[in-house]
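Some structures to go through are shown next.
One chain, chain A, appears in both complexes that follow, with chain B as partner in the first and chain C in the second.
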Partner chain A sequence: MSSYSKRHRLIGILFAVPALIFLLTFVLYPVAYNIYLSFTNASLSARKAVRFVGLKNFTAMFSNKLFKQYFWNTCKWTFWSVLGQMLLGLGLAMLISQPMKGATAIRSFLLIPYVVPAVTLALVSKWILNSDYGIVSYWCQQAGWLDARQSFLAMKGPAMWVVVILNIWRSYPFPMLIYWAALKSIDRDLYEAATVDGSTKWQSFLYITLPQLRATTAVLIILRIVWTATYYDLIYMVTGGGPTGSTTTLPILIYQTSFGSGQLGAGAAISMVLGVLMLGCIVIYIRNNMKEE
Partner chain B sequence: MKTSSISRQKRNAAIVTAILLIFALAFVGFPLLWMAISSFKPGVDLFVVPPTILPRSWSLEWYQQAFATDTVVRYFLNSLKIASVVMIIDMLVGTLTAYSLVRFQYAGRKALMMGILASYCVPPIMLLLPLYKIMATMGLTGSHVGVIIGHLTITLPFSVWLLIPFFKKLPREIDEAALIDGASEWQVFARVDFPLVVSGVISTGIMAFIMSWNEFLLSSVLVNKEAMKTLTVGISNYISSTHIDWGIIMALGTITTIPVILLFAAVQRYFVEGMTAGAVKG
Partner chain C sequence: MKRIIALLLTVLMVFGLCACGQSAAPAPAEAPANNEPAPAAEPETPAAEEPQAYDYSGQKLVIWTCLTADAQYEVLNKQFTELGKEMGVEVEVERLSFNEMIQKLATAASSGDVPDIMHVNFGGTAQLYADEVLMPVDGIIDTIGANDFSEAYKRVLTGADGNIYGIPDWAMHTSVWYRKDLFEEKGLEIPKTWSEFKATAVALNDGADMAGFPVPLDGVQVAAQTLYELMCSKGIYFLDPKTGEYIFDQEKEEAIEVIDYLVDLYKSASPAASLTWSWGDYRNALAVSGTVAMTLDMGAVIGNAQGNNPEMTTKLGCFDFPGVDGNKVASFGSGYCFVGTKQDEPLREALITDFLIALYTPERAAERALSRPMFAFPSYLPAFEIYKQSEKVADFQTEIDTIFDAFENSTWYWYGMENGLSPMSAHIEATNIFGVALQGACDGTYTSEEAYDLINEDLAAFAATM
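So, the complex of A and B:
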């Protein structure tokens, strides 16, 4: 029997070997390699010899005044994007979990942004915000919120809000779906008991729904912070980090440093800093998920 | 008296719900709808002030122009090829891995599980530089190998995670009975368990296809040959160029998005099931 169970275990491991090899080679090794790169002067050109430079990349980064601004941009972008998508996700989850005709169809429709390519959203937003022919720009110009032939994308303050709103558009479906499932799992009897005791809808929401969603909310926030703070595509395609750096976040800076100025070592150092900042979130997320194992 | 006030309350609540939902649907639908409408507007209707909602006539000129050169077709085929390979590898490797994690007990199983979760959390921007350096050193940036590997780093952990609940639902007793009857572990997997989760595997594969199709960052860096570029990277170049053909861009955006929405509609039931089983995933 023991040789059988040994064999059984071995076969189980064999099933996982391809994934294991892949993750070690193309995730773990690259992460380690990135740490190594951050201490070198590695550049885009393959001909230049890679030299160890100690902490130079890090000291250069922290003494750069712009780095502080880009760091705050990242915080602002992450905070408002996550807050917006969580609130919108929760609100819509509550709407679609009411009994009504066509609920499934509405839910399906509201999930669409989850799979819309970021490039599509970027293209459309640049079109509707076009200073001359964009329909949203036109409406805002008519309403007097915007000067004639002007676009929000060209304005330092509003550009950040535009990308945040676009990001909320594409990322609310995930929290919505998770909240929708969580709402379904709340015991109906709790609400009935509360109604019998004379509590209003608002009170039920405050004292039953919200506490029941606490664990879900915590995990969602952690995961979405990681995804948002490290997200590159949308800002790059909509504003390119501009105007004058006002929407440059750390991922954009990593890209510009590495592929714009060709300083891979310096780029690796920035992504190390970003990675360390995210590490706390990732650890909490994993511990939370492993608890039920 | 009381019942009528309750029913009135209910009716008011239903009206409020309906109004909010209409706003939500408009918020979601407007950009996509506007893109599609713009792509069918002839130039004279596209560039008018004030913009008109519906064109006076519909036209296919932007689609004709987009497909006039074979560049777009090539981008399309590149994306199709990359996403298909990614999908197949994810289905094979992901299924084996999820099965191993659910059905077997061995030292290191928990560590592997954590490794997959951790890989899932590692954002593409962190892998960008090292993957680029590795692929460039190996001379693979002129092929699709690098992009496929890059996409697998994102989709494989996701696929495993999405597949686990489908295997968890299967009763263990069937396996045990088959093993006692003398079937090997592989036979149990291939003949007994796999057929029962096939819809979950296919829908997971299609989600991986969609993620690969949509991916931008890794695709933009890990391929440096113009003719090898993916659709997302190819069309993003249309915006950065100085002369912007909005009509063509809207047509390209529409044809990039439609396949994705159709595929998603086909597998959504399984996706929702997999995502909402148990804990929060991603």
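So, the complex of A and C:
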């Protein structure tokens, strides 16, 4: 290797060092520390000595009656949220990709949910769904869909649907933007050729648009699953995980176990389970990327 | 040689005896000539040390508060600033979010970054005590006047070592706050038993607009407080008041009866959505919108009415939640206290001690309690008369007497501190298991027994780590 190449390589490594330090400090160390904590009895209490407890946190977690419920809550929340975001995002992306008057204004308008802070959305939702003075609850009570002085947020079935709908509303702009960009990149000649061959709009969508969006959809699904399954603040602020734990997902359980009950070790074990599930998604994402390359 | 050694030993013995004699207690006075018993010897006290005068200039005190109302914080902040100026010290006051207080305190204790002084509720005090960062305040209480604080209040702040770790400031007591006008309108009497209470709640139900009695069960704290008031009235506790042992697991049958009654009240007289109601919801429903007729509360409903619906203020009254058959065993009491943290330097300890003592003038203690009248009344007795004479509580003399009597003359407990300071209290304060279990019992997800089991398993697991 020439001295120029050596120097060039060294400079390259030097440029990578800050990023490497950042990754070691803020990614690798916390992950490694979390793995360590999950095998200990670590707690928030300063007086308790940290002891190695083997798999005790994991066996306690899997034998907990409520863990199974919270795990399925997480699956339900993630599945319906992602499905809703993807369908709404795709539909609106197709709408804004059509030539029309005021397209820029409509696109900007549709992006608003993405910039609404979760806390604002949570407070407004709780307000309009309040059993006594919420406008939505009032309408539903008048229509006979709700009992008097009842709220969807206080009912264990509907509460999950409320937070899923709120999440879909807040998160659809991201898939919409990605799909919009992907739609722009589809060769228009394909549609023209299909039209010449007598294809209907639905057939064009089914046999041209969807296959062309396949890679984008795969990436989007993986990313949205990871972001949604680990999303915490919206549910916590709207329902606090209730009623009867019906909206408690694993991230909320991690918070409650770690900082509510002060059991850092047990909380770390739950986050390990969630982490492994998310790791599976990331592996699929990487394999998908490698295939494309 | 032997003689020399013997002589030396003799000399050493003589010096030794002399030395012992000097440090021993002085020889007793000659026995009285007659046979009267000798007067009891005065306990030996070391020569009184002059309190060391410290120069506090340049010192800084960090004080944390965790309050729910602006008015309370403003008064505390004003008093801290005043005292800081008087003593020539800088005072930094930080206000903690009430909902995250336990977590913040635990984290602070773990990192060693605790404040010098804190104004905190029982749960917070229990957390700091469990983390072994508090200094005993028996001496401070003695200086202020030990008899000026109720024994029950001092007992709840006493640690396993017999020392007191918090100086009582406010007292709060859970009562049933109710609409006097509705009782009069319907010709209802104050209920004396559980069955009468339920009948009264049902009688007060009036269509969709008026609920007799909400059963608020918000996940954290509220559900536990609602259950505990009912438990206390039946004599069911989490820890044994005498030994401090975990006993909730030995009271399954009685505890299930309490949960059954709670569910019954919910189904017969509570708004459906009260499963997720917190303090603000039921207080507003009673004092502002007027859509419930009675509720359990520590008196903050008065502040809500005064601020948002003054006409309601005169319509509200309170009574003690009844016992099962009329004889209430205990009630749910609460309070805020001042705590000081352990210090390495005598100067810092003296500063905290002097600062805390200076906070306990009758006027200052009354001013603090009056910053949110009815929600809090002074636990420092010399301040109580000033409190009672204030215009702010002039219309509530009967209610004050009811609450004061329940607090000073009856048995009351704070959950998890039935036998003094215990980390169980902080755990109950922070866990959401009460909400999950009791909401589930009310909406039919769990039976009362299953709800009890959920709570008991969680608490028993924690008790095993105490």
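One rule holds in what follows: the second predicted complex is superposed on the first by the 285 of 293 C-alpha atoms of A that agree within 3 Å, B and C clash if a C-alpha of one lies under 4 Å from a C-alpha of the other, contacts with A are read in each partner's own complex, and residues count from 1 in each chain.
Throughout what follows, a contact is a pair of C-beta atoms (placed from the backbone, for glycine too) under 8 Å apart; a residue touches a chain by one contact, two chains touch by 3 or more.
None of the values given here were measured: they were computed from a predicted structure.
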Partner chain in contact with A:F259 - chain B first, chain C second, else both or neither: both
Contacts of A:P243 with chain B and chain C, given as first, second, both or neither: second
Chain B versus chain C as contact partner of A:L153, first or second or both or neither: second
Touched partner set for A:I225, first chain B, second chain C, both or neither: neither
First (chain B), second (chain C), both or neither touched by A:L110: first
First, second, both or neither for A:A269, with chain B first and chain C second: neither
Contacts of A:V53 with chain B and chain C, given as first, second, both or neither: neither
Partner chain(s) touched by A:M61 [first = chain B, second = chain C, both, neither]: neither
First (chain B), second (chain C), both or neither touched by A:V163: neither
Chain A: partner with more touched residues, chain B or chain C: B
Doubly contacted residues of chain A, that is, touched by chain B and again by chain C: 46, 130, 132-133, 240, 259
Chain A residues touching chain B - in the complex, by the definition given at the top: 8-16, 18-20, 22-23, 26-31, 33-34, 37, 42, 46, 91-92, 95-96, 98, 100, 106, 108-128, 130, 132-135, 138, 142, 169, 174, 177-178, 180-181, 216, 219-220, 223, 226-227, 230-233, 236-237, 240, 251, 254-255, 258-259, 264, 267-268, 271, 274-275, 278, 281-282, 285-286, 288-290, 292-293
Residue numbers on chain C that touch chain A, as the complex places them: 100, 102-103, 106-107, 109-110, 112, 130-133, 207-208, 211, 218-220, 271-276, 285, 289, 291, 423, 427, 430-432, 435-436, 439-440, 443, 445-446, 454, 458, 462, 465
Complex contact set, residues of chain B against chain A: 14, 17, 20-21, 24-25, 27-29, 31-32, 34-35, 38, 46-51, 92-94, 96-97, 99-101, 103-106, 108-110, 112-119, 121-134, 136-137, 149, 152-153, 156-157, 160, 185-186, 189, 210, 213-214, 216-217, 221, 232, 235-236, 238-240, 246, 249-250, 252-253, 256-257, 260-261, 263-265, 268, 272, 275-276, 278-280, 282
Touching residues on chain A, where the partner in the complex is chain C: 43-48, 65-66, 130-133, 147-151, 153-156, 239-245, 248, 256, 259-262
